[in-house]
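In what comes next, chain A is part of two complexes: it sits with chain B in the first one and with chain C in the second one.
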Partner chain A sequence: MKSPRWLVPTLYIIFLMLPIYWLINMSFKTTNEILGTFTLWPQEFTLENYRKIFTDPTWYNGYINSILYVVMNTVISVSVALPAAYAFSRYKFMGDKHLFFWLLTNRMAPPAVFALPFFQFYSAVGLFDTHIAVALAHCLFNIPLAVWILEGFMSGVPKELDETAYIDGYSFWRFFVRIFIPTITAGIGVAAFFCFMFSWVELLLAKTLTSVAAKPIAATMTRTASTSGYELGLLAAAGTLTIIPGAFVIYFVRNYIAKGFALGRV
Partner chain B sequence: MINRTHNEKAWLLVLPVVILVAFNAVIPLMTVVNYSFQETFGNNQFFWEGVKWYEQVLNSERFHQALGRQIFFTATILIIEIPLGIAIALCMPKKGIGVSICLVLMALPLLIPWNVVGAMWNIFALPDIGLLGRMINGLGIDYNFTQQPIAAWLTVVLMDVWHWTSLVVLLCYAGLCAIPDAYYQAARIDGANRWQIFRFIQLPKLKRVLIIAVLLRFMDSFMIYTEPFVLTGGGPGNTTTFLSIDLAKIALGQFDLGPAAAMSLIYFIMILLFCWVFYTLMMRDESEQ
Partner chain C sequence: MSLELRQIIKKEGPETHIYSTSLTLKTGVFNVLLGPTLAGKTTLMRLMAGLEQPTSGEIWFNGNNVTGMAVQKRNVAMVYQQFINYPNLDVFQNIASPLKLQKITKADITQRVNEVASLLGLNTMLKRMTQELSGGQQQRVALARALVKQADLILLDEPLANLDYKLREELREELPKLFSGSNTTVIYATTEPTEALLLGGYTATLHEGSITQYGPTHEVYRQPDNIQSAIEFSDPPLNIINIRKQADTLVAQDSSWTSDNGLAQIKDGDYALAFRPHHLQIKADSTSSLGLDFKGQVELAEINGSETLLHMQVDGKRWVSQLHGVHKFEEGEQISLTVDTRNCFVFDSSGQPVR
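Moving on, here comes the complex of A and B:
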């Protein structure tokens, strides 16, 4: 039984690409063509759908909003997770195991459970419909994840590094910023990738916490789909554009993605 | 494993994380706990109700059905995605340009916003304008996921396989890359066949990443909301109404705070319990070996 090994991944990738192809295909079609005829590629090629998105502020602001809160979330998550992960990987302290498990339980909390209390809570503190509200809400699942991944990477760095630095007279923070962080840049890259990913794809909380000013692109799409009926071409174009930032990020971290979870401790 | 020294000052390093997560987790969670024991008629007036909502939820037919669908769905996708993910990871190229291409293309579905995944599958599977719907109907099978319960169910499962198998592949691939070449050489000298190499070398080494994969896929599929909501809206009827969709209907649709809160807590505790039991069992197994 000597079947070529590359056949399996190839078939799998074709399966992955088909729906994406269909989405891109739709985005270049006119509404008439989508509803009227069934064609495998656009007969009347049009950029009208994309033009609409790039000229209508409700559409392109959606992208700006999404990217803003995702970047804020990634920065917050990784920067607070760094010292915490260091503490978990280097020290024993009261309640460390319980604390680590408690952090992970937040990754297990269904967003649907938190949607309503979040809405009330963020309205009460006056953060409703701001980018920072979504960024903070996404910390709920991204901080535990970042701590988890970074802790795995840090445990791979021998402790002699720390000890030598302290003997050489480095203070903790100077050692941490000058020596330790540069040695685990790969880990930081992976953690940032996963924070970006989970914040970018999440919609339930992002939608609940925003109305106009910070509305994410994905929510704009949902509303368009339901109010203006069948503007499938526009919807497809917007969907296609949401894939681009992800593809961009993957390309940069491609050599590290696979390592991300594998090095983490359960 | 690093030998960790005792140092209570480490708490200071963890403090920012604890504050941020507590701000996000403890306050809303206490709100939920609060609601779950009370009745409200609006105007911010609350009355103590004890465990009435818990009894109501645990005895309701609707909850049992949603839970049944949820468990069946999660079991189905785990049974499909885990072996498929291992198989694909085993067949992936080990070096060269192929690795990068595979990784980038396979990771792509993971980075698409969940409602776009739902919308994409919607237009992909629609019987009149979708490629998949056209193909299946072209084979002579009557398929329309907006009306047939079984078709809707299968479409949601297929969508989840499309969306998440890559995560299992990436994890397993990482696990496989971590196996030193010496193991394979030893196996070749002993004359092990393909199956034996898999059973006695690769599978044990993959155990850790597989635990992570199962846990992540379990948690995320148990919380699945956006994709089926956009694809089928929970229908036709209630066929694809999973726990989160049902919960959102009760909490945000009907605004029944008490039952929704009680259901939230039962739901959350189930996930915690499963993860804890699974993890403990797997780890005890490991220490025995």
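Moving on, here comes the complex of A and C:
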């Protein structure tokens, strides 16, 4: 009995892609078709759902808001994590291991714990419903993650490289910017990717800290019913569009992530 | 124009890595730092480079006290055992990097880099990234970067240890030529006595954080100042036997001899008799004695092509004999050995040479 080599992976991919196919399938259907009949592909193919999202500001602003705070968060997290990770990878100081672990424990805490204090606090300082509020809130989870990933990549660079640079006459900052950062671009790519993804999919804090001006797409999508009843086709289209940025980013960092796995981080 | 260490001590927490060391290194020759792993070679080099600061003591360079001076301000170069190059720069930029940080015109940089690159046989690969090169080529790039800087002090920390045999021989031959004629102080750390002998120049032997001897390499090899230097400068390891001289007899744990043959003039007392493995020969018959005879029990015979390294037990100690040609021995076989006392070092109980 010779079973074809491609059989198992093919089945695996089919099962994996099924929900995504179904989402895309629904996004091209009318809500009536979705609720009325079971069809494997759209009987009445329509782009109406997408047109609505791209023309209605309450929809497309959700995307703009999400992208804004996600990019803010990624930039803040990575630029803050770089020097922190360098310190953890290069220096020994009292309690360094405990501090490193403590940073990681922040990543383990459930966001719900922080939702209420954050809400109260951000309201008090007038940051409620701003993009930076969500970006800063996500830093709590993303900076430890970025430090952890970057530390792994940095420790893979021998410290003799630093010393050679100093001997050659580089000052610390010149070395850090000209030599060290280019050396660990893979790590920065991976760290930025994970920050991006986490911030992109996080709903609870983003929803709690915003109302109108900075409302993220995920929050908009939780609005399932409108005056015209259920709009499942529209939600499916919004969901499909939500997948795209992640897929786009992962395409660029796919090789780096493999490297990150090899280093035991990620 | 020289590098001088004055009573340097380096402590790391409760551990002392370098005990009080004073040393003035010769300029314009190859200075070899010889010692086993953990003897403190790397620490000493890092202190010389300024990558670490001594706990106490001073470092003087060309008549200036450079203790505590930032490494960027010192005109030094260093090559490590690992192949350290800037991975984001190509070979040309790697070699040029120390020059770019000085105020040197572009044309001068290009000229100097090309000179050094052709000296090291790198001129065809200047546009390649360093990770694409073989280990030997990568280390050549690192050497070129050290050379192009025309530093006053060049530190080579076991630069050939990670290379394979052929490349190591090739580069070892080139190294003294590359630095000859310049006014630089070159320091080369190695664990291998053979390497020190091949490189020539001056050698400092290091033992557990102290320099035991410094002098012209062959002098250190032939006239060790103490038993530690002799042990370090011997590969295969030195054979040592503890003896007691009483009147005209020499007594060891299991054997005794009459002390004619060159050992007659030393005073009565306890000594360590030491000689190198190639001086220990098989005694074929009773007439072929060279002076001192021993009985041994064979443990292992290693044959490396044209030589046999014979490991044995003599007088409760492990000895090695380096014999020419291929010889077969059985494990546990009893053998007679002989050594000429003129080839023996005699150290007193404090490790000082007696003659």
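Operating definition for what follows: the second predicted complex is superposed on the first by the 245 of 266 C-alpha atoms of A that agree within 3 Å, B and C clash if a C-alpha of one lies under 4 Å from a C-alpha of the other, contacts with A are read in each partner's own complex, and residues count from 1 in each chain.
Here is the rule we use: a contact is a pair of C-beta atoms (placed from the backbone, for glycine too) under 8 Å apart; a residue touches a chain by one contact, two chains touch by 3 or more.
Computed from a predicted structure; not experimentally measured.
Participant: Using the overlay on chain A, decide if chain B and chain C clash or can fit next to each other.
Facilitator: Partners fit side by side after overlay.
Participant: When the two structures are overlaid on chain A, which partner does A:Y170 contact: first (chain B), second (chain C), both, or neither?
Facilitator: second
Participant: In the overlaid three-chain picture, which partner chain does A:P182 touch, first (chain B) or second (chain C), both, or neither?
Facilitator: The answer is second: A:P182 touches chain C but not chain B.
Participant: Between chain C and chain B, which one touches more residues of chain A when both complexes sit on the common chain A?
Facilitator: B
Participant: Check whether A:K92 is in contact with chain B, with chain C, with both or with neither, and answer first, second, both or neither.
Facilitator: It touches chain B, and chain C stays clear.
Participant: Taking the superposition on A as described, I'd like to know which of chain B and chain C A:V212 touches: first, second, both or neither.
Facilitator: It touches nothing on chain B or chain C.
Participant: Check the residue A:E160 against both partner chains and state whether it touches chain B (first), chain C (second), both, or neither.
Facilitator: second
Participant: Once both structures are overlaid on their shared chain, how near does any Cα of chain B get to a Cα of chain C? Whole angstrom is fine.
Facilitator: 9
Participant: Indicate the residue numbers of chain A shared between its chain B interface and its chain C interface, in ascending order.
Facilitator: Touching chain B in the first complex and chain C in the second, residues 158 of chain A appear in both lists.
Participant: In the complex of these two chains, what residues of chain A are touching chain C?
Facilitator: Residue positions touching the partner: 158, 160-161, 163-171, 179, 182-183.
Participant: Which of the residues in chain A end up touching chain B in this complex?
Facilitator: Checking each residue of chain A against chain B gives 5-9, 12-13, 15-20, 22-23, 26, 34-35, 38, 40, 76, 80-81, 83-84, 86-94, 96, 99, 103, 105-118, 120-121, 136-137, 139-140, 143-144, 147, 155, 158-159, 197, 200-204, 208, 217-218, 221-222, 225, 232, 235-236, 239, 242-243, 245-247, 249-251, 254-255, 257-262, 264, 266.
Participant: Can you check the complex and tell me which residues of chain B touch chain A?
Facilitator: Against chain A, the touching part of chain B is residues 1-11, 13-14, 16-18, 20-21, 23-25, 27-29, 31-32, 87-88, 91-93, 98, 100, 102-116, 119-121, 123-124, 128-132, 134, 162, 165-166, 169-171, 173-175, 177-178, 208-209, 211-212, 215-216, 219, 222-223, 225-226, 230, 243-245, 247-248, 251-252, 257, 260, 264-265, 267-268, 271-272, 275, 279, 283.
Participant: Using the touch definition up top, name the residues of chain C that touch chain A in the complex.
Facilitator: Contacts found on chain C: 49, 51, 71-72, 76-78, 80, 82, 84, 86-89, 97-98, 101-102, 142, 145, 149.
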